[in-house]
Amino acid sequence: MNSINNIIDLALMEDIGPGDITTDNLVEPDQCGTGIIIAKEPLVLAGLETARQTFLKIDPALIFITDYQDGDLIETGDVVLKIKGSLSALLKAERTALNFLQRLSGIATMVRSYLKELGDSQVRLTDTRKTTPGLRVLEKYAVRVGGGHNHRHGLYDGVLIKDNHIAVSKGIVNAVTQIRKKISHLIKIEVEVTDMEEVMQALEAGVDVIMLDNMDLEMIIKAVKIINHKAMVEVSGGITRANLNKLSKTGVDIISMGALTHSARSVDLSMRITLD
Amino acid sequence: MNSINNIIDLALMEDIGPGDITTDNLVEPDQCGTGIIIAKEPLVLAGLETARQTFLKIDPALIFITDYQDGDLIETGDVVLKIKGSLSALLKAERTALNFLQRLSGIATMVRSYLKELGDSQVRLTDTRKTTPGLRVLEKYAVRVGGGHNHRHGLYDGVLIKDNHIAVSKGIVNAVTQIRKKISHLIKIEVEVTDMEEVMQALEAGVDVIMLDNMDLEMIIKAVKIINHKAMVEVSGGITRANLNKLSKTGVDIISMGALTHSARSVDLSMRITLD
Amino acid sequence: MNSINNIIDLALMEDIGPGDITTDNLVEPDQCGTGIIIAKEPLVLAGLETARQTFLKIDPALIFITDYQDGDLIETGDVVLKIKGSLSALLKAERTALNFLQRLSGIATMVRSYLKELGDSQVRLTDTRKTTPGLRVLEKYAVRVGGGHNHRHGLYDGVLIKDNHIAVSKGIVNAVTQIRKKISHLIKIEVEVTDMEEVMQALEAGVDVIMLDNMDLEMIIKAVKIINHKAMVEVSGGITRANLNKLSKTGVDIISMGALTHSARSVDLSMRITLD
Amino acid sequence: MNSINNIIDLALMEDIGPGDITTDNLVEPDQCGTGIIIAKEPLVLAGLETARQTFLKIDPALIFITDYQDGDLIETGDVVLKIKGSLSALLKAERTALNFLQRLSGIATMVRSYLKELGDSQVRLTDTRKTTPGLRVLEKYAVRVGGGHNHRHGLYDGVLIKDNHIAVSKGIVNAVTQIRKKISHLIKIEVEVTDMEEVMQALEAGVDVIMLDNMDLEMIIKAVKIINHKAMVEVSGGITRANLNKLSKTGVDIISMGALTHSARSVDLSMRITLD
Amino acid sequence: MNSINNIIDLALMEDIGPGDITTDNLVEPDQCGTGIIIAKEPLVLAGLETARQTFLKIDPALIFITDYQDGDLIETGDVVLKIKGSLSALLKAERTALNFLQRLSGIATMVRSYLKELGDSQVRLTDTRKTTPGLRVLEKYAVRVGGGHNHRHGLYDGVLIKDNHIAVSKGIVNAVTQIRKKISHLIKIEVEVTDMEEVMQALEAGVDVIMLDNMDLEMIIKAVKIINHKAMVEVSGGITRANLNKLSKTGVDIISMGALTHSARSVDLSMRITLD
Amino acid sequence: MNSINNIIDLALMEDIGPGDITTDNLVEPDQCGTGIIIAKEPLVLAGLETARQTFLKIDPALIFITDYQDGDLIETGDVVLKIKGSLSALLKAERTALNFLQRLSGIATMVRSYLKELGDSQVRLTDTRKTTPGLRVLEKYAVRVGGGHNHRHGLYDGVLIKDNHIAVSKGIVNAVTQIRKKISHLIKIEVEVTDMEEVMQALEAGVDVIMLDNMDLEMIIKAVKIINHKAMVEVSGGITRANLNKLSKTGVDIISMGALTHSARSVDLSMRITLD
């Protein structure tokens, strides 16, 4: 809610600053027009509401018309959104609104595309905390729009015990025992493991989720067998589109990929304006 | 300056929120360690200072050691930065600091790589306003680190007259005449043109820069000849790594690419921590 | 982290505003002194760091001396904290720092006292979201300091399905099935139930935690038997110090009380100042 | 005005954070309902407007219906406020709005109740600066709603000379003389005294108000006689409901109690929702 | 856009703080009236929209009626603006709105008056960066309203090379060569010079604008002749109303004066209120 | 405290924005120098600390040397402040720091000069609420530095009953009676009157201060005689340097002038930099 408000403010401020010196000097305040946002390539739409909020910050009187909603598959040439009203407002908000829409749709499109590699599998494809600074809430939303799932939002809504936590706690069992006594009863515990020895310890500790970190296919299959549904299994590290399909058949429950948010490219959308 | 401060705050807040429930419950406040940030692939480094500021927000007593500076070419395995101090602080700032460093270095690396296509040419490769919302200042900095140039920062530090401005002003000459009377004497005027007719008008109007929008190679060469150094020439639209080299030989002064900022992937950097 | 920073800023601003007209007009800037914060009643200390941060906002050069830490039992007359430095800074920060310390210690003291009613029981005493606006993170911290546990921090780090959610979802089983598919794998699901029929549905849905809302002792015992460790059991509503002990013997896992944060009274602490 | 805006924002942010994961995943955006806020005990209502603003932050289209206004005496079972509109918005704002309403009404209720101890006396019952950090303006408003008066709002709108100010100024007369020359002509001067010697000095200095700090009944009566209407008289320190009545008959003008704001318990209000 | 929003918030907060204790205690919320803002002296109007935004922050339901717009010449006694609605809102916003309007109109009036000294000359009269902290955007707007031009808005939208820059760069030619390679192609380069030697170097460097700093009339005329339209010429320093006319005949292109913003006096406007 | 912090941030942001493109491209980060701020005319110094804070925001390592403090009379050519450290920081903060220093010293200088007109009179010369938006606290501070006094800071720390308040309250006596019951006991009541009839009513109401609004000398003298020390007397409206002396001999206690803050011109200070 509010953090989205903040990032839209920041984005408009950095683009407009003390004023749009081209538009302010050429366009009369009462000149109206229609902005037409068009897809220049096939994409999964995400960020319509953020784009709308961006335009509304410049002029609350703008009117929006669309046949689509987030999650819809858009074809090249489709009109994603029409905005009617002050030409000056359209020109000032255009770039910022498109920057949001292109990035969020880019993520949703990538996620949707990667999900095809998983076929009918029940495996979850999740994001990570490797998001663009300031855009966490929006990018995680775009992952869901694309059909993916969210891993924890931040350090506050899930326990993930990593090697350094284990080291200072003298072992996985100690760490899990200690933290279980303290955290909210609504939070699960996940432990990152790198070998079978640690898998065994995690099982002994009774963790909810075991993350197999950077294991090869063979090790993953072995670990899944050992874990045998006594905990959920997540794989992470070294995951690419190329090995998604194979990973989905190993019996793991969750595949997490930083690339979904940190390396999605923006999709191509542009805005054409017609004058009234 | 201050806007960078804001985005670092936003980024830490969205990651840490009400607290790091894993670290706060497992790591003693007096436990110290060393974080070692290592390159997992070759890259052009950008964002060291932003990463440093991110760590300092969590603990101003952290100490930083590095042999590198922004712009340096880093090889796989190189230690980019060591941070010594509170283990808890290292764990809390790690992801956010890396998110900045990976994204900014990703941009610098892409720019450096694209510049090779230009060979010895004097052509400038510039960014656009297609940056990630909230990261404009940082991403434009990364473009410079990579060896590229910045186009205008926002709507306030350069005039760019586009089709809609031309339409409401009844032609390029009118638009340019009108705006020249009003803007600061330190700002130049650029006009976006799509055909030779408009090129001629732009020349007649005496603009400083002519942007050839989405023209093919042949048209570009023709336009450059017509313009004949009476204005700077920028090409924009439809530019990819594949046609950069050819474009650089057309005689244009500036090639601008949105992809430099909106579609760079993050480079791979990770932090290993050793306990004291 | 940062939200605590904000609330300290707000609190100092509302107290000092455009200036401390008494101190600014009577105390020379170079006059120094020592502030001595003394307990006027027995209490469990909470908020030392917040008080310290409050003083530091006014003068980063102040020096702090204490023999205690949060969670310590303090007796009447004990010196909780000494602050040495600018007299003017001591006078300006005094009230705000004490307001934090008195409220947070008030909560910790109440929690510690209520825990005695639970005897050796393994039952958790948790807070709720009924906290003072703006102080959520600090008040939940004070609950932990007192020996209590936190329920979810907000609407984002735990699922709690209530009657209206059940109504719009056409029943508990539907609601749980639907939400399980969507939420992060690190979040557990709790359902609020009011009768045995709903207890049975919650068990069928396989929820992680069942909240027995406003049930009497007899019903609670019956529900615990039915649930039989297939889910954690929380009781909520109508809980007072008087019935805590009885509730702790019903076999429930968690007792949650809004009063821990919304009705704790501030404990009595005062600051005496000596001039250098 | 604005600071209230800030604290509502802070309160909603800390409750909702990145999203209400229960409601967002179960409630359709177009589902409507009616929230009905009901008193679970007799109370003096305070905070209606703050609650309304809280709901409006989540959805400006919500509609409010009430028969009451702040200051009204509400009986158990009375419907304090109905809110009609988006079910999702009702569920998200509910807890934060109630937290404000319960706390502010709690203060107003306590004040109203304490005022009964004063009977027909013209004595003012005032608050202090011992308010909850961030809620000063709202809590002082609740005191007025309950029928009490406000002491100074902060360090900026009243002079209160305490022992340390006296010490550094070499006596009450010096302190008062010095400060009178400097402060605005619209601000009165109050001095805190602890014995008759100081009462005499305060009178000599011609202060506007004398605060008798922690004096017993006998001393207070003696001081009132000595002061003899040459200054207003305030008593402070060690005041409880039990001695209010006796104090009100001593001839003092003002009784100030920190407990009005720092130790009021929240009153019980709950919101029931019906679906449309 | 947003920074104006911020300064209005700041201004209202510093005036109203915790409340308007006169109006809140005397005026009923449903009392309405009409505020009539009248010019007490001839002036050039500037800041209508800022005044309007200020009133709207207090009450979005206020209605505005005016026959004028910014830039209009207003005579003594003219009604500049009528505001209808809540009396309480009128009284609370009055002073802040007038403070903006009086200052901005003061600047516009001074600029318009100074422009008369320039007669039919094509010389530009520009402001500088010597603006009131926090009001840069508004004051530069008022300069334009008065008929003046803006110099660069800040350090980011124009290059101005001064003596220290020259010193560290080993001369004007080096400095210009170095910076031209780095800055955006839409930004011009200005150099501040103090003697003919530096004028020659600036010409050699091919700068866009040469600022003659604190030169006397004779030197200015000589410099203009030497520069001979190979660069624009700005004069700065020591400029007063008295020498404006003479300077305008020297052939310079731009005269910049800090006094336009740092030493304009507020014009006299007052608000009379009639009750409904 | 904090609001000063905010206005410094705003001022630096509006000047530096995304970067100082001249300095960032020409000055090496390790280049040091000394900034020497010199008075170009006689002045009363005010704002040293604000200037210092402004520099420190850019670089906390800068070192300050001065022989003066606020309130000192400075002669032409005096070195007001030396700042040693990073040349880049000096260049970036220079303009903003000077803008504060020049404006605040301008006010202090004007006040000091006007006070001379009052001779040995005990009359107070006070400011009003006609301050520059955002600079209230600083400008009122500068008035005190110059030897003047502050009127109320805002609408919250003094009651000033004006014509509209009187009209809605059915007369001065009613208004005063009503408000006295409600306001804090540390706040005085002032009433604005325009004729002798109202003076009599104000006396009857027992107000603390009577403001004679826009009365001529004769009427003022008559009013002072009638009031006869039963209330303090303030004159306001139509006050200029020319009539200050005469007004000071009428027996009034307070003369308030908006011009002190709204029409002071900035004094001339400049910064010279030497390179290390």
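Annotations
The first chain written gets the first letter, and so on, giving A, B, C, D, E and F; residue counts start at 1 in each chain.
FYI, a contact is a pair of C-beta atoms (placed from the backbone, for glycine too) under 8 Å apart; a residue touches a chain by one contact, two chains touch by 3 or more.
Note that this is a predicted model, so its numbers are computed, not measured.
The chains that touch both subunit B and subunit C are A, D, E, F. Most remote chain with respect to subunit E, judged by CA-atom centres, is C.
Relative to subunit F, the chain whose mean Cα position lies farthest away is A.
If you compare C-E with C-F, the chain pair joined by more contacting C-beta pairs is C-F.
Copies subunit C and subunit D of the same chain sequence form an interface built mainly from equivalent positions, shared numbers / all numbers used being over half.
With each centre defined as the average position of its C-alpha atoms, the distance from subunit B to subunit E rounds to 32 Å. Measuring from the averaged C-alpha position of subunit A to that of subunit E gives a distance of 44 Å.
The distance from the centre of subunit E to the centre of subunit F, with each centre set as the mean of the Cα atoms, comes to 22 Å.
Shared interface positions of subunit B, i.e. residues touching 2 or more other chains, are given as 3, 13-14, 16-19, 136-137, 153-154, 156-160, 182, 184, 187. Contact residues of subunit B toward subunit C in the complex are 9, 12-13, 16-19, 58. Only residues 124, 126, 144, 149-153, 156-160, 182, 184-188, 190, 208-209, 232, 234, 253-254 of subunit A touch subunit C when the two sit together in their complex. Residues of subunit C that touch subunit E in their complex: 14, 17-18. Residue ranges on subunit A touching subunit D, taken from their complex, read 1-3, 136-137, 140, 153-154.
Only residues 3, 6-8, 10-11, 13-23, 25-28, 31, 33, 87, 91-92, 95-96, 98-100, 102-103, 106, 129-137, 153-165, 167-169, 175, 178-179, 182-184, 187, 258-259, 262-263, 265-266, 273, 275 of subunit B touch subunit A when the two sit together in their complex.
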